[in-house]
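What follows is a set of structures for review.
Okay, so subunit A shows up in both of these, paired with subunit B first and subunit C after.
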Partner chain A sequence: MDTISTNVTPVGAPSRLTARVTALPTPDKALLKLLFGAALLALVLGLAGGFVTALARARALSLFPDDAYRILTLHGVSVFFYWLYLIQAALLLVLAAAENGRGLALRPLAWLGAALMLAGFGFSEWVSTTGTPLLYDGSPELAADDPRSVGFFALGYLLLSGGLVASAASGIATVLQPRLRGEADAFTSIGFALFAWAGFLVVSAIAATNAFLPGVLWALGAGPFPADHGTEWHILFHNLHYLPLMATVLVWYVLTEHLTGVTSIHGARMSKIVFAAYLVFVPPTSLYHMFLEPNLSEGVRVVGSLLSLFVSVPTLAAFAIIVSSLEASARARGATGLFGWMRGLPWDNPAMANMGWAVVNMMVGITFAFVLIQEKLAPMLSDTFFVPGYFHFFAVGVLTQTFLAALMVILPALGGGTLWRPTVLRRMPVLVTVGLLVFGAAGIAAGFMGVPRRVFDVSYGGMAPAAWPVLMALVGVGATVFAVAISVTVYGVVRSLLSRCAPVAVEAPVVDWRAGARGVGAAPAWTGPASVAALVAAMYVFTIVAFQLIQSLPIIAIGGGHGH
Partner chain B sequence: MKMNEELWLVVAIAAVWAVLAAVYAFVPSLGMPGYVRVWGGGAVLFLVLAWVLAAVGRKAHRG
Partner chain C sequence: MSERHFTTRRGFVAALGFGAVSLYGAWAAYGAAPLPFGGHKEAATPEPDAHGGHSGHGTAEAPPEAGGHGAHGGSAGMAPEEFRFEHDYFVERYAQPDGSVNPHGSEDTHSHAAGGHDHSHEPGGRPVDVYLMAQKFAYSPDVLRLKVGQAYRFRMMADDITHGASIQLGSASRIIRLRPNTVTEQTITFTKPGEYLVYCTVYCGQAHDAMQGRIVVG
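== the complex of A and B ==
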């Protein structure tokens, strides 16, 4: 078999990423610390809200309905919007600045973006605490008699959107700098991904403006009641499915190179095509959100079903590229065994552990995501606890763990000293995953049995099936486990951010794959493709199980256009 | 990958978004004007980004 040149950084070589982050100008470091700190604050607020919500769903806490919905609103707003988008803005800027090697371009615009996002954060948290609880989608129908709450809530998201646009513009200008200086005639694969991701952030801001500007205008008396909010929310929500996943895959690329020294064996061109594929597949796959419309024609349902199959193609392609590059590089240096080659990865590093377990969570989450978007199942499952049951694998297991992994690498390099207790932090992802498996298994089973989401008292006067409270208690147990484990990780990351220790020289912890170099490609690397095949098989199995379970229930449900 | 290939990837993105915006605009039964605004806005944005890439390439080439 032919071999190709290897892509492993020599042992002992300094990390390009951490060296460049350490060398950033002081104003850029200050901006990045501000954004990372605000993102972590949003995560802490969201974690607290989510933990209380889970305890209330498990009946371990008794809340008045208004309080329960207020806490659920704070949970969703804090985590789904401000944690995920503040951290994305910060990661875009820091990775773009590292790619440039000389800090941020259009720095005042980046600061303006941060100011707008933080103002939005303040508005959203304030109105969610004091106004009518609108849940994270800010539905005006819940407060038709309270335009003030609708207007301020929508204003918070509009400020966030404006901040994302300003940050993205700075990010785009920054990654173009090496070419403007004549130092490069093409992007690296990471540079192109940052360029495309920044564009996607701007499009998501357009979608958010489309969804929330009518609410502000109505509150000001300058427009009609936003009766179409549900539809406009779906458009934004569709973008928000892809955007953090694209960011996650990009972070996996960056961390893989940083932690192992391995870059793609398939070349930069393939990586750029995969990152472009995220954006190519976004609009065509949006049709499946319309499955909840009862009057949708059969033709559109068929087309939507076919197109929905492409939803995960870019993520799985990127996963296969990363895993096959790692496996081929490991086998070229003597690693053996079906999965034994993975032992050489730097699992002692908490960032590696977070990333590895994030991949496991992604496989579980994607399996059930495909069950949910089946045309026949979507109307029956979208308003049940199936939805939070599966999407926490993504929101917590994949996205949050991946972004925390990035912080474990970047914050010490920003001048925050060393990472707090790596031996403790590297054990947390296993606990997070165990908690998510309990939460997800109970929640998905509860969804199949018809337990509604967003309803805190599901006893229905004692008429509910006996299994419901048991399953919801398990949801509470699982949530407690993963909330505690994530809290420990967040504590460690915050300690790193607040540490006043002098920065230490960081060497890339390159894997020890030096022995027996045979050249990449001499031994086949099947783990990536085999994992994707196993995933497809699991999707089929769980779809069949879902159909059989639901057909065995004595109910028929027709969706009402809920925003999942 | 050279400049032109990156440029064409961005143009391809803009083209797909523009086609979808047109589908939502010209198939009234879909009844989703918001999709026209967002996908259309995205198509314009990626065309602008393609123009930026081309302009930067020209400037670097001259330099």
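== the complex of A and C ==
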């Protein structure tokens, strides 16, 4: 039995994070509750839309085509834009306010940002459910005869963008304020990450404006038809994917300290470099999304292919920092066994369970992401169900579970209430992961076989392979499992948001690994390297499988649009 | 302070961040890596001579140079208007009584070279031109009859909005994305007879699910 000398934080003793959140000024708390509530509403709407979509694809529900695609639009808009951006804005502000220690700076701007984002939310949801289905990318060519739908849809995203800029400005001012007041002479690693994240949110908002302003102008008769929407969308789309990942890593940093007391053993400077690396590695790697474009030049293709290998560098580096810091701290307190140190983590805390399983989902997601980004495999996998098959590991398994973990810590501190049934909530991440594994395995297999990603009836009048509908039925089963588990978690979080009960301190245990008897880092820490080795091995296996499959096809195709 | 084990040192931890870059090795092994190592596709692809043959399984990728038509870029330099003209001519000339289109349809009775292309079935013979137009919510032609082992130069274009023209090949598909008014060109040789589903993989509107065609290879 591995042993570890673990100090359990005294009952009722708040962490630095929760103490500072509890002490926030009332107007800040009201704003944050509004944003967290709106984000959760967006998640609920997106989850419902996704669940219905999965059931319809599984042929468990029969929908008229327009209704089906409206629901798919609602799903994508709610989750990818409003859940992920509203929760990012809310987390940025609450963490910045906690970092500051005195609440938000430029508070009116933060309120303006919230108002704009909520207005955008309303517009987008309304037009998604009533207008021409445009899917979440709002491609104007789908509604060239319906400028009203294009205009309102784009207006929703523009309002969201304006709100993000205002929120980010408040966040930046908030983390800068201690330095301007002379209370600090340097950023902490978290402060720096918040600063970079806020900057990235502004970049994302600019990219969204670039993509959607032409649609509004066209709808108003003040501009030409936005024929280049596809290119502008690709730029936004890449940001849309990786910005929440940066936020996730930052939340892992914060939660790790909250749950274990451990901060990076590698120093603040290295953490800052890793967070800054998102700005370096993410934007240039966006080219791989365009491998299927028929008019992509060979030079761009080669550069895009090369750069795509680096897209995971900051995320894996941050993962390695956190894991090595935890393991080294645990071993300094006497933990033994290759992986035995992990038993000492506070798994009974739902936030810990969410974060731990999020890491597992990240490894699965990265594995298949690297199969998809291979330029020569794009003609087999792009535009197929492989894409949703793998990205739900990220969107649900990593991002959503991590952000919900943050809410489990922050909301009780914010509202003065208590976390709803931690014993139930801590079991949900396993269920979410099981559901995602069923969904992902069936979806990825379907993608390998060519099942298109945005089709509800995949039978094609009997011409499609018989396995296609079966795989879609399994996708529906997996979606049902993780949708139920996420719904339970969201219910618990909402109950926590609305809770007025006095805090019950024993419900969410944490540990204190801050100081060990032995020198931190003296013992080997193999979990990080073993995890990365396993990840690379899995990448090799599935990449080889994909190459073997594409080479076995009864076709020889040369060039052209590359079809990839 | 005690000496740190190498697994807990900054350099080692930072290097782990680059772990996924090692996948380059797998890419190189399949001739699919970008420069500078292992980026030559010839390593894993058949020689140009094999394209017209019946060697069974070949790679789905081959050097664009082998096709002799500057494959990358998709657009073959053909203007949309020219494509429409050639497409209409192709469909009209090779239409069969059952509604399908067979570029070899008149070979049995005539010896000719349509559109300047030799329709011979010899390995290494020049590809036969085939035109495929995608539009809401159908392909034109919707049924193509082709020959196994014969190379075809598929010229494809979306006529209205973005579509896919993906070919289901049994265990997997060949996904092709078509942008409006951009002529995409691929030289394709089917190495097995069969009836292949062609379907749209880019959402294009209400009847997207029903957008399909067939390629009958005999």
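Structural remarks
Assume the second predicted complex is superposed on the first by the 520 of 564 C-alpha atoms of A that agree within 3 Å, B and C clash if a C-alpha of one lies under 4 Å from a C-alpha of the other, contacts with A are read in each partner's own complex, and residues count from 1 in each chain.
By our rule, a residue touches a chain if its C-beta (ideal position, glycine included) is under 8 Å from a C-beta of that chain, and two chains touch if they have at least 3 such contacts.
Not measured: the values here are computed from a predicted model.
With subunit A as the common reference, subunit B sits beside subunit C without any clash.
In the superposition on chain A, contact of A:465 is made with subunit C only, not with subunit B. Touch criterion met: A:185 reaches subunit B, while subunit C stays clear of it.
In the superposition on chain A, A:279 makes contact with subunit B only, not with subunit C. When the two structures are aligned on the shared chain, A:297 is found in touch with subunit B and with subunit C. Legend: residue contacts after superposition of the two complexes on their common chain; A:63 is shown touching neither subunit B nor subunit C.
In the superposed pair of complexes, A:34 makes contact with neither subunit B nor subunit C.
Set against each other, subunit B and subunit C touch different numbers of residues in subunit A, with C touching more. Residue contacts after overlaying the shared chain place A:374 against subunit C, while subunit B stays out of touching range. Legend: residue contacts after superposition of the two complexes on their common chain; A:48 is shown touching neither subunit B nor subunit C.
Remark: in the superposition on chain A the angle formed at subunit A by the CA centres of subunit B and subunit C amounts to 90 degrees, rounded in steps of 10. By the touch criterion stated above, A:328 is placed in contact with subunit C alone, subunit B being left untouched. The superposed arrangement places subunit B and subunit C with a least CA-CA distance of 10 Å.
Shared contact residues of subunit A with subunit B and subunit C: 297. Against subunit C, in their complex, subunit A makes its touches with residues 65-66, 69, 135, 139, 141-142, 144, 230, 265-267, 270, 274, 277, 292-298, 301-303, 305-306, 309-310, 312-318, 320-321, 324, 328, 366, 370, 374-384, 448-450, 452-458, 460-461, 463-465, 518-526, 528-529, 532-533, 535-536, 539-540, 543-544, 547, 549-564. Subunit A contributes residues 172, 176, 179-180, 182, 185-187, 192, 195-196, 199, 202-203, 206-207, 210-211, 228, 231-232, 235-236, 239, 268-269, 272-273, 276, 279-280, 282-284, 286, 290, 297, 300 to its touches with subunit B in the complex. Across the complex, subunit A is touched by residues 1-5, 7-10, 12-14, 16-27, 30, 32-35, 39, 44, 46, 50-51, 56-64, 66-67, 69-76, 151, 154, 156, 161-162, 164, 166-180, 182, 184-192, 194-195, 197, 199-210, 212, 214 of subunit C.
Across the complex, subunit B meets subunit A through its residues 1-3, 5-6, 9-10, 12-13, 16-17, 20-21, 29-30, 32, 34-35, 37-39, 41-42, 45-46, 49, 52, 56-57, 59-60, 63.
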